[in-house]
């Protein structure tokens, strides 16, 4: 790919369709991202430290190869990974320290996938979870990731924690 | 957080606003994801193996802490990382093998950030790049990630490669 | 720590004991490293794609906190991870592309740990495995890592592959 | 590789030479590992937040392909990465949370390599560094890794911290 094509790919996507999308995108509301990714995710099992969801790969999250975009997978590692940390009683706060994902197979449009998140450790300050994506029909692994969060404890921020939050800089 | 709240967070988000979003989301077109993330990204420098972009954090990509969502950052590692691989002449194909990101600071709404991608190696089969996110004003690092891709070479797929592509299973 | 102490830590360790070690180290044979790490590892179960080992934490591999050194854990992810790739019939070659490890708990001297390696995918060119370290007594997770290898296939190197090997540059 | 060969590789290495090594290994002193790796590392530059070392690849750290073992590289990410965290005044304690390494090229016996470590962030609780390995002669990148540490602050452990240390469980 020549340099000008790379620039155009990043700045414009590919053509007229992209221009129509631009006005849609600019009109999207505050914090639209999470719902955009998780819409129609279904929780099949939830217990402290373990979570299984079903997700039918939607057309909006496909990449140019017409399978689930790697960025969407990474975001699901973040979101489902955070949720399983909450499931052991951790407060719904904390910040991501590290996310990693190995991509192992493609998940195509309308394919049902199973996402299993498992707490590896939730300590006083650090939580680490593993998240695995499998094809529902065959059990074949699509991706595996880990998510590490820093979990600020109440007494480090004082009693004002729940009302006002600690900002990121204070938390870390 | 109790288990029922965790389930609701994953399945529904938080309330009425989410219901309105649901119909918007279901109407979004095929492969909307990439433009949704990259809209208004600007390329400042592009040379073989190196790429610098500017991105003003948009409201749609905020997390509940009101800073750039970790999933959006990971997606930008994917997208800008792929682009810098193309910049050294690799074909615009290949599949992600691994993405990792360390989160170091928060980027707030309307803040200008600089994204620098650098090729660490592009061999015959494997490409690895580093992507760093910095605050434009101070140079402070927001995140650093790496992206590893498997790059199928033409002669493994035959002459039909450019026209028809190799699907993921054939490529790996 | 002041800068001079950091330099001394890297170059000298801490004192006289280190000088005695220096002559021992300089006398160690070619490729001593792998046995140095794996000595007394015991394989409890081996089947295609899955491997369980027992390892009693030896004194030589402790860190200054007197628990298993993180570098030793990472090396075991490499070694046991490679072995489980061989177990599905892959040739005993290939090069590491990526290793990552999350450290979750300490393993003290003489503690028995269980190392379980599992193939996530072995394709034509890429193999990815997961390796988990647990306390034998309690099952508590000590560390979890992933290892990604590039696996050169015979026909890319030609018939000379098995006799002469492909060097790293040719493989990737 | 058949399963019995995989088992033998893990438990025994390859033959008589390994038996001789076994008695050497069992006689090695407590915490031998760090010096075993770092022996003859030389610090060329040290300033707060940045560190450059030179290392001549020793025969003892080679893998079966006769280049620097991936486990040794990962250990150097750990050790040099910890040192650069100390260089900004952090206490010489803390535990590893995550280490990752991308392997990009081979470093052969007696080749001089340059290791550069750079602090990405050292906050109150979390430190993250980047470590890059390059061929001294050509500047070509051999490996790049990141190391994340949890840094217990004095006031969480009380005044006894420097004398007695906090054990791992208390720190995290």
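The chains carry the letters A, B, C and D, assigned in the order they are written, with residues numbered from 1 in each.
Keep in mind that, in the parts below, a contact is a pair of C-beta atoms (placed from the backbone, for glycine too) under 8 Å apart; a residue touches a chain by one contact, two chains touch by 3 or more.
From a predicted model like this one, the values you see are computed outputs, not experimental measurements.
Peer 1: If you tally contacting C-beta pairs, which pair wins, A-C or C-D?
Peer 2: If we tally the contacting C-beta pairs, C-D comes out ahead.
Peer 1: Determine whether chain A and chain D, two copies of the same sequence, contact each other through the same residue numbers or different ones, counting it as same when over half of the numbers at the interface appear on both sides.
Peer 2: same
Peer 1: For chain A versus chain C, what separation do you get between their C-alpha means, in angstrom?
Peer 2: 30
Peer 1: I'd like to verify one number: the distance from the centre of chain A to the centre of chain D, where each centre is the average of its C-alpha atoms, in whole angstrom.
Peer 2: Roughly 31 Å, centre to centre.
Peer 1: Which whole number of Å gives the spacing of the CA centres of chain C and chain D?
Peer 2: Averaging C-alpha atoms per chain gives centres 12 Å apart.
Peer 1: So which stretches of chain B touch two or more other chains?
Peer 2: Correct list: 97-98, 100, 102, 105, 121, 128, 148, 169.
Peer 1: Does the chain-touch network form a line, ring, star, complete graph or other?
Peer 2: complete
Peer 1: Taking the complex as given, what residues does chain A use to touch chain D?
Peer 2: Result: residues 97-98, 100, 123-126, 128, 148, 150, 169, 172 of chain A touch chain D.
Peer 1: Of all residues in chain C, which touch chain D in the complex?
Peer 2: Residue positions touching the partner: 1, 3, 5-7, 9-11, 13, 17-18, 21-22, 24-26, 28-39, 41-43, 46-48, 51, 53, 59-67, 69-72, 74-76, 78-80, 83-84, 86-87, 89-93, 95-103, 105-106, 165, 167-169.
Peer 1: Help me check something: in the complex, which residues belonging to chain C touch chain A?
Peer 2: Residue list for chain C touching chain A: 100, 102, 104-105, 120-121, 128, 130, 141, 144, 146, 148.
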